[in-house]
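If you scroll down you'll find the structure; I have some questions about it.
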Amino acid sequence: MLGSCLEAVKKTVPLVHNITNYVTVNDVANALLACGGSPIMSDEPEDVEDITSICSALNINIGTLNQRSIEGMFRAGARANALGHPILLDPVGAGASALRTDTAVRILEELRPGVIRGNVSEIKTLALGSGKTRGVDADAADTVTDRNLDAMVDFAKAFAARTGATVAITGAIDLVADDRACYVIRNGRPEMSRITGTGCQLSGIAAAYAAANPGNRTEAVAAAVCLMGLAGELAFARMQPGDGNSTYRNRIIDAIYNMDAETLNRGAKYELR
Amino acid sequence: MLGSCLEAVKKTVPLVHNITNYVTVNDVANALLACGGSPIMSDEPEDVEDITSICSALNINIGTLNQRSIEGMFRAGARANALGHPILLDPVGAGASALRTDTAVRILEELRPGVIRGNVSEIKTLALGSGKTRGVDADAADTVTDRNLDAMVDFAKAFAARTGATVAITGAIDLVADDRACYVIRNGRPEMSRITGTGCQLSGIAAAYAAANPGNRTEAVAAAVCLMGLAGELAFARMQPGDGNSTYRNRIIDAIYNMDAETLNRGAKYELR
Amino acid sequence: MLGSCLEAVKKTVPLVHNITNYVTVNDVANALLACGGSPIMSDEPEDVEDITSICSALNINIGTLNQRSIEGMFRAGARANALGHPILLDPVGAGASALRTDTAVRILEELRPGVIRGNVSEIKTLALGSGKTRGVDADAADTVTDRNLDAMVDFAKAFAARTGATVAITGAIDLVADDRACYVIRNGRPEMSRITGTGCQLSGIAAAYAAANPGNRTEAVAAAVCLMGLAGELAFARMQPGDGNSTYRNRIIDAIYNMDAETLNRGAKYELR
């Protein structure tokens, strides 16, 4: 059950090392605290090995990468691998620039992250080595819909099989796949795309969930995806006239904070393919 | 009408490349989403040319500049100019340090931004090559008032004529000028100065407005300035006892999110000089 | 009285130069504005000397340090010392990595900050040159309790005597000590530890309080610590069903914004040892 994944996080309070963009970093920290984890941020190459050594997972997000932080990602990743910590890759903007695409592909090949989470454009870029990305949002032509669902499930499983990772493709319909099974998740609200950073928050949370549930990583990532979407639904229900995306952002993190296993089990909308 | 500028943003969803400070970057992103645009942030020199190529405008804010991001500003700016994208310069703290003044002046001369937005101390620093700045706020001796309004309107027009830019000088009274006309805008609330980043948010929004309204840039920037001030008024009207600057920040972005053309046309307070 | 320290901040509006981490920087800026100060951020070595020269205090927080910002810390610190500005050191994560420990110790020795604020693990690391830190949170084995209070008060006074600084050790019980006296403060809520950045905000505020109250630095820092804890209590009293850590964060800054001297004097819970 997804709820037991949530409880494992609240019980073990995994410390997550985040090398993440400076746009949404505060929300990532508060979302990690809200879900029951604990965040630490460090991207200086001379600092990251020590920091990741005291953590349980490493969340790498390339949203505002630079040459220094890229070096930090690889040094932290090598140490995390040596220690057996799960690594999550969030390839923000892969496909939008050569540096982002190349860095994401190198991370994929050299660090072999256990979890990859992005929108469909980003994941396609990684998988196919091509694809167009319009900034950090998914291309409209590139979304998971009921019409292409079978093909997308196959694609997610195949990419998971090739990389050995749990692959989370998030959008209107979310897919969380390993080589054998794929969760098709229908939580969330379209208004979440009008807030910056819900994807980044999810990546931080998914890293905590993976760390706290080492035996069933794919279920744990699916639980994190359901949690985020359900929080978006519960937060939306609390919106008042005059509220907008800034208040919605706060209420989503609040909803993560207040989520318990029973609410998650009851509210999660998914099927297994 | 200003409202049609707003509608053009909501219709075209301009993607804005922001090289901006890490203090207010999250608010800039959410404000851009709130107004109907889409944000992307990148400051690494090896990344910025690709990123700006997929955007419609470039917003350069020197608030926490460093040697790496300065190089990013010039490389992104050169590419934006080659592609005909509007560039907005927000010279945060020009006059407060030699590096900031020199960088802002170099950007002005080498990149020739189409929009310049700052407080009066910053703009005077750029225009006169001198002027004292007390941190990132305007000097009290340096504000636009009804007493010096004629002179300040002339100053704004002259600086616009010299630079070829639309010049936005924001404060208690806002001026938006090109070489021929100056909008004198009286929207906003004094409490907005107790929030960090309303100026930075406005710069991001103004870049989106300029991108979506290429034929009438000055009107578009005036619309963005009225939008921000009016959002400050509407948000203030929703404040409850016990609320302070943090809640006010959220409510302003919420008000931008909920703004429509009719509300903007009705609430904008300006005269043309 | 603590309230007069608050009034001195609101009257003099001290401009505080912050070299601080990018995780909580926006909250630090808004908290400084809320308490009546004014923030400016700059970490580029070529920029920091000019910036700190126009300020009244320097707040150094090593939360996401890098080689460039470390150089900025030392250059800014040297200038602040030359000008007689108070320096506050927030040794975030000292003990968690060699780079953080070494940098904090070097700042302590070379810049001799007038105020040091951290959790007990971080301060012990500085004082004893050892100690374990679990990320950026204090070790459970390392908290100030009623059982070890006498020893911790002695420890705080001794460290203050050795360094010449006012030492603030914050946690469930807060200690603010110089070589002669120690404030034992019991404001605050345990829920504050589920928000990122309340410690960073306090450091920014304490720097402003020190700047505005040069004659009685230790009382001023104690006032800032009481202010932060009391704001946490008042904000908690305003929480509604469904609210969580994100709303709590906003309400705490709001409570700082609305605090007056009388409320602070009435609500501060401390004894002098």
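Per-chain residue numbering starts at 1, and chain names A, B and C are given in the order in which the chains are listed.
Following the convention adopted for this analysis, contacts are C-beta pairs under 8 Å (C-beta built on N, C-alpha and C of every residue); 3 or more make two chains touch, one makes a residue touch a chain.
Note that the coordinates shown come from a computational prediction; the quantities given were computed from them, not determined experimentally.
The chains touching chain A as well as chain B are C. Two copies of one chain, chain A and chain C, form a contact in which under half of the residue numbers belong to both partners. The mean-CA centres of chain A and chain C are about 33 angstrom from one another, to the nearest whole unit. In chain C, the residues that reach two or more other chains under the touch definition are 22, 26, 249-250.
Listed in rising order, the residues of chain A touching chain C in the complex are 15, 22, 25-26, 29-30, 33-34, 38-44, 46-47, 50-51, 54-55, 68, 234, 238, 249-258. Across the interface of their complex, chain A is touched by residues 21-24, 26-27, 63-67, 93, 96-100, 133-137, 194-197, 242-247, 249-250 of chain C.
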